[in-house]
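What follows is chain A paired twice: with chain B in the first complex and chain C in the second.
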Partner chain A sequence: MKMVNRSRNHWFSVVNTIILSLTCIICLIPFIHIVSLSFSDKAAVLGGLVKLWPVHFTWEPYSYVLERTAFWRSFGMTLERVVIGATINVLLVILLAYPLSKPNNKLRFRSVYVWIFFFTMLFNGGLIPNYILVKELHMLDTIWALVLPGAVSVFNIILMLNFFREVPHELEDAAFIDGAGHMRTLWQIYVPMSLPAIATITLFCIVGHWNAWFDGMIYMKGDHYPLQTYLQSIVIKFDFNTMSASEAQRLAKLNDRSVKAAQMIVAAIPILLVYPYLQKYFVAGIRLGSVKG
Partner chain B sequence: MKKRFAAILLVFILILTACSDQTEKNESDSEPSGQDQNGQINIQFGAAIDPNMEQVGKLEKKTGETLENNRWTKLFSEKNGVTTQYKLMAPQADYTQKLKLSIASGDLPDIFVVSDKADLKQLAEGGAIQEMGPIYDQYASPLLKSIIEAETKKVFDQVTYGGKIYGIPAKMPSTNGYNHLWIREDWLQKLGLKRPKTMDDVYNIAVAFAKQDPDGNGKADTFGLGLHKDFLNGMKGIFWGYKAYPEFWYKNDSGQIVFGSVQPEMKKPLELLAKMYSEGLVDHEFGSKDEAKMLESVVAGKTGMIYAPHWTAYSVEKTMENDPNCKWIVVPLPTDGSDPIQIPLSNSADGAYVVNKDFKHPEKLVEMLNTYVDALFGENADFNKYWSDGDIDSVWAMSPIHTLDPSLDLKGHQDIKKALANNTTDQLTGVAKGFYKTMQDGVWGMSMMFGPKDTPFAFVDQTYPDQVIWSEFEGAPTPTMATNWSSMSELLNTEFTAMVQGKKNLDSDFDKMVQNWNNLGGKNVLEEVNAQAINK
Partner chain C sequence: MSKGKSYAWKRELPMHLMLVPGLVLLLIFAYIPMTGIMIAFQQFNPVKGLFGHQRWVGLDNFHYIFSMPNIWRVVGNTLLIASLKIVCGMVVPIVFALLLNEVKNVLFKRVTQTVIYFPYFLSWIILSGIMIDILSPSGGLVNQFLGAFGIKGIYFLGENKWFPFTMIASDVWKNFGFNTVVYLAAITGIDPALYEAAAVDGASRWKQTWHVTLPGMRMIIVLLMVLSLGNIFDAGFDQIFNLYSPQVYQSGDIIDTMVYRMGLLQSQYSASTAVGLLKSGVSFVLITSSYYLAYRLFRYRLF
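Presenting the complex of A and B:
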């Protein structure tokens, strides 16, 4: 019996490894292709000769990107947005999730509040009312147009709320007995114990802000575009049928896919670096041993 | 406790800075634009300029000029007493979206460009913009008038609603609408073929290019003709050779305005493409490939003949880097019969400039346009300063408004040709000087477009404007078009593709398709278009 079991397990892990490796390769190939494009000669790229390895290796696209002021300006815009935006997001998530994680008898109308937040997940005013709101608040073309409309992320609040609920309430009771108020309990008991969840949510917020492009396009003037909006404006595929002839002509002149690829790679690097850094907080078991008996 | 205060403090700081930011903004916003301020009029513009384009950054590094403060804005300030500010500024595709939002929220710039005709119609009929016709008549300089109306007076059709002119077209060279036949001459010579004169020649060359191994690698891996899914728009030249004018409105012999895509003349060119498809002369996957994808096989040296616009030169020039022996030329469009070819063109414009109804100085728009054309094309023009700065081109587009002499490109070609023949290239001026310098700098695409012989503009020179027929309909979409046009176009595109692929029979299915098209709304559209033409 033991033998059978072992070989079964063995086969399972072989098949598993194969399927996972295939999935991994499928995910990696487009990325490798873009990297190869970014290191290839223009003519080879335009001729469709580049597959998974650079043809006529060159650094030129990268040195060109380094000199592009517009790229770095939008890069700075995105950094600003990520720092301010993610800070506000995480702060509000913590502050909102804490009271909402309490049972009904401690926070009156709790479920009403939750439903109000939940409602905004399903329904919203739509593009034009949103635009008018941002305009009337005089936030157009400022960093706040990118940061404030999405400041409260309900999805993350629900995640956080559930995490807070799993914190043993004996800890809270102990804190209260020792004379701590809600604020102190939140910041000194709940937050340190929820670091894995906060790290996850921080990552979500950072990635969300990093990748967002549509709000940048509608709220910001062209020279204040954040990075992804800028990238979409250079890589966008134009519909030949709706483009004016002179527009097509200008685009044809700029047709340089290796530079586009290089910009995509440079834009992806920071966010790739954030992942492993935050991963170290994803250590389970922080809570282990906090409650005894 | 410290942390708690820090957290609260942070939130407050954020809110405070947000507020202070607003108040600053408020102040600058509250100065109503259009009011005098040091004798200058402050104008908020909406322009489809890409502030991230390479040239803007380069110019700023070189001379410190920005889009809001450069040689153009200084000129407008001196000559017209106008301070330039941008309320809306984004690359073309984004601009159209942003403008729609501005329209919806009622927050329009003072002077702005509109390229979507449906938007223009909405603005005009909703009374959000001013009538410009009388102002244009009164203030436009003869030079400005000569440039805007150079090609045809119909240029105003696209900005006229209810008999009133609401905008001033940003005129661009309509020669951009040409479609050319590009051929690799080295392949022709290698296979001992002559340049094509008739459509039969085109077919024979396609056979030779596909079957006789022009790239000499011993494999049958070349195509006779480049074909892609947008052939109706991108390869019009092949249809023109048969007097078929897809996607174009023109008057037939009985004086009716008709839509070219559904005329029986379309059958012959489609038949030719279908024949090429069935014989394997074109890419069998063309239905899923766009022009850029097709051009990949061109640059890779697998396709030697394409129908494409003149700026394709920037792509086909790259063939030389993969195959130094290649030589691309443009030949006059071959035709089916003995009649000279006719070139169907629409009036090319970068949209139209319109003026907000609340703006008190609509004449400033016309005056600025006067200044603009004077600086580039007037008697005392300083073309070199305002067109480009050394190797930084597109300086002409870094102005809140622009309009170009429609024969600009053609003149450039003619002057260069003359100068080369007389050996006077050092005396070139204006556009030609700039073009010639770029050609000398080794930009092949430029020589391939504007050079003296076998170039797109050599063909334009032969045919423009005598053999041009102008579009009869350039206004906003008619009511039926607004609702049904996209599904009608979809029908034509899928049917034509199926016919080329041999999945549908040309003779029997073409008429059925036209009938379907008419039922989908084609009949109404035709009536609406003809009625509109009579009303004008």
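Presenting the complex of A and C:
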């Protein structure tokens, strides 16, 4: 009986490993294919020869992309929004999470504040009122249109205040006895003790700003498109208005699919670079945050 | 007594000041747009501005949208795509979390997790770009593969019978890794003594999964199920907008894409806001009840 059980378990392990490995391979194939396309020459791509390995290896699509001014301009725009946007996001999260992490008897009107924040998760004005507001504030085609409307992230505040609640009370009491106010307690005790949480939230904000495209599309003009909006316009909408004549000439010698692939990969590299850190903090983040259970 | 009170106020004041910048931003960028829903009851003229003297038309915009021939099809598409995404988005990760939990090799487990949740962090722009390429009916990788089995080119993004299926499958591709990790975290929280007790009673691994692991996950499964109720009208704008085209409007046009086209492409501000308001209104009821249910069932609260 025991033997039967063991061999059945063994078979299960084998089948399980196969299923999981196959899933991994299926998940990876699209990326491998796109990378291969970006390194293959025109004839190979047109002939449908490229599958999971570059054919007639070439750097040409990348050198073309790296010389495109429109690409770099949008890259710069994205860097700007990531730096300004994520800084504002994180500062606000810290400032808002601290008072909201206190119990109702330590902060007057706390429940009123909580409802003001919570209600924005339940209801929103929708696309048109938001657009008209940004327009009437004369923020169209400025960096503020990309940074301010989403500056307060209630979800991240909840994540952060759960971390703040883990800080031992005794430290705060000791700081008060030494004459420190709430501002100093926050910056000198709470922030240093919550650095992993702040790192997690900073990464989420950076990735969020890096990946955002819709606001860029509706609020910005072509010259000021952030990277993802620019990618959307050429990879998905086939809009070639941003291309100069000499660039068009060079493109004729290349395959469009390779050039698109190369641009998608360059845009994904920063995510790849922060991925190990995302992963490190990620599980801790979900445990404390969205699903406390 | 009154001195003590003012002292407490003075101590507390910095905390109220910390809230000010955030409250001001929310007031401007969340609450002013909420008052903007009045556009739905006006014949909105953008030249006069959000708080200008607009002509009020009562429910005319709502009569108009319900007279549109495609409105119910769009609502139906939204509900179908969103609910299938919710179901698949729960079942697939639960199965994978159970399978991954059985893996004893730590390295293999970690590599698998790393691979499957990578797409979660990429934008729908990049994922859509990849999909448009590999799903192309002429020379896309997927159709080349199917061609090897004699299956004729399928236009996954251009045929109405394939489009919703493609949206659901690719949504699972992007998100299942993330949710698998969420469920794995729940499994890790199960008391090992329960497994030992089950093993002593002679339960096989399959029986342990059925009688220990799944009940241990029951709470988080029901909780996420309840909370996903609020998403039943969110079929995924970012994904569908970047993958659809007029030939699949019949099966793929959803409320959010319709609001966008009506509002920003055709400048029907009032009608578009009316559609958006209906969606926000119904979602509000659903989200509120889902939080209420989650609170009653599990004492789950966000703040």
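The rule is simple: the second predicted complex is superposed on the first by the 224 of 293 C-alpha atoms of A that agree within 3 Å, B and C clash if a C-alpha of one lies under 4 Å from a C-alpha of the other, contacts with A are read in each partner's own complex, and residues count from 1 in each chain.
One rule holds in what follows: a contact is a pair of C-beta atoms (placed from the backbone, for glycine too) under 8 Å apart; a residue touches a chain by one contact, two chains touch by 3 or more.
Just so it is clear, the structure is predicted and the values come from calculations on it, not from any experiment.
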Check the residue A:V114 against both partner chains and state whether it touches chain B (first), chain C (second), both, or neither.
second
Of chain B and chain C, the partner touching more residues of chain A is C
Answer with first, second, both or neither: which of chain B and chain C does A:I128 touch in the superposed model?
both
Based on the superposed arrangement, let me know which partner A:L171 touches: chain B (first), chain C (second), both, or neither?
neither
Which partner does A:I218 contact after superposing on A: first (chain B), second (chain C), both, neither?
both
Looking at A:Y98, would you say it contacts chain B, chain C, both, or neither? Reply first, second, both or neither.
second
Between chain B and chain C, whom does A:H138 touch in the aligned arrangement: first, second, both, or neither?
first
When the two structures are overlaid on chain A, which partner does A:L28 contact: first (chain B), second (chain C), both, or neither?
second
Taking the superposition on A as described, I'd like to know which of chain B and chain C A:A180 touches: first, second, both or neither.
neither
Going by the contact rule set out at the top, does A:L79 touch chain B (first), chain C (second), both, or neither?
neither
Residue by residue on chain A, keep only those touching chain B in one complex and chain C in the other, then list them.
48, 127-128, 131-132, 135, 137, 148, 183, 218, 236
Going by the contact rule at the top, pick out the chain A residues touching chain B in the complex.
41-44, 46-49, 68-71, 73-74, 84, 87-88, 91, 127-128, 131-132, 135, 137-139, 142, 144, 148, 183-184, 187-188, 217-218, 221-223, 225, 230, 233-234, 236-238, 240-241, 244-250, 252-255
Within the complex, chain A is touched by chain B residues 1, 3-4, 7, 10-11, 14, 18, 21-22, 25-26, 29, 49-54, 56-57, 60-61, 67, 86, 88-94, 97-98, 101, 104-105, 107, 115, 172-173, 176-177, 230, 233-234, 290-293, 295-297, 299-301, 309, 311-312, 314-315, 318-319, 321-322, 348-351, 394, 489
In the complex, the residues of chain A that touch chain C are 5, 8-9, 12-13, 16-17, 19-21, 23-24, 27-31, 33-34, 37, 48, 51, 92, 95-96, 98-100, 102, 106-109, 113-114, 116-118, 120-133, 135-137, 148-152, 158, 161, 181-183, 186, 207, 210-214, 218, 228, 231-232, 235-236, 257, 260-261, 264, 267-268, 271, 275, 278-279, 282-283, 286-287, 291-293
In the complex formed with chain A, which residues of chain C make contact?
11-12, 14-16, 18-19, 21-23, 25-26, 28-37, 39, 46, 49-50, 96, 99-100, 102-104, 108, 111-112, 114-116, 118-119, 121-123, 125-126, 128-134, 139, 141, 144, 173, 177, 181-182, 185-186, 189, 204-205, 219-220, 223-224, 237-238, 242, 259-260, 263-264, 269, 272-273, 276-277, 279-280, 283-284, 287-288, 291, 300, 302-303
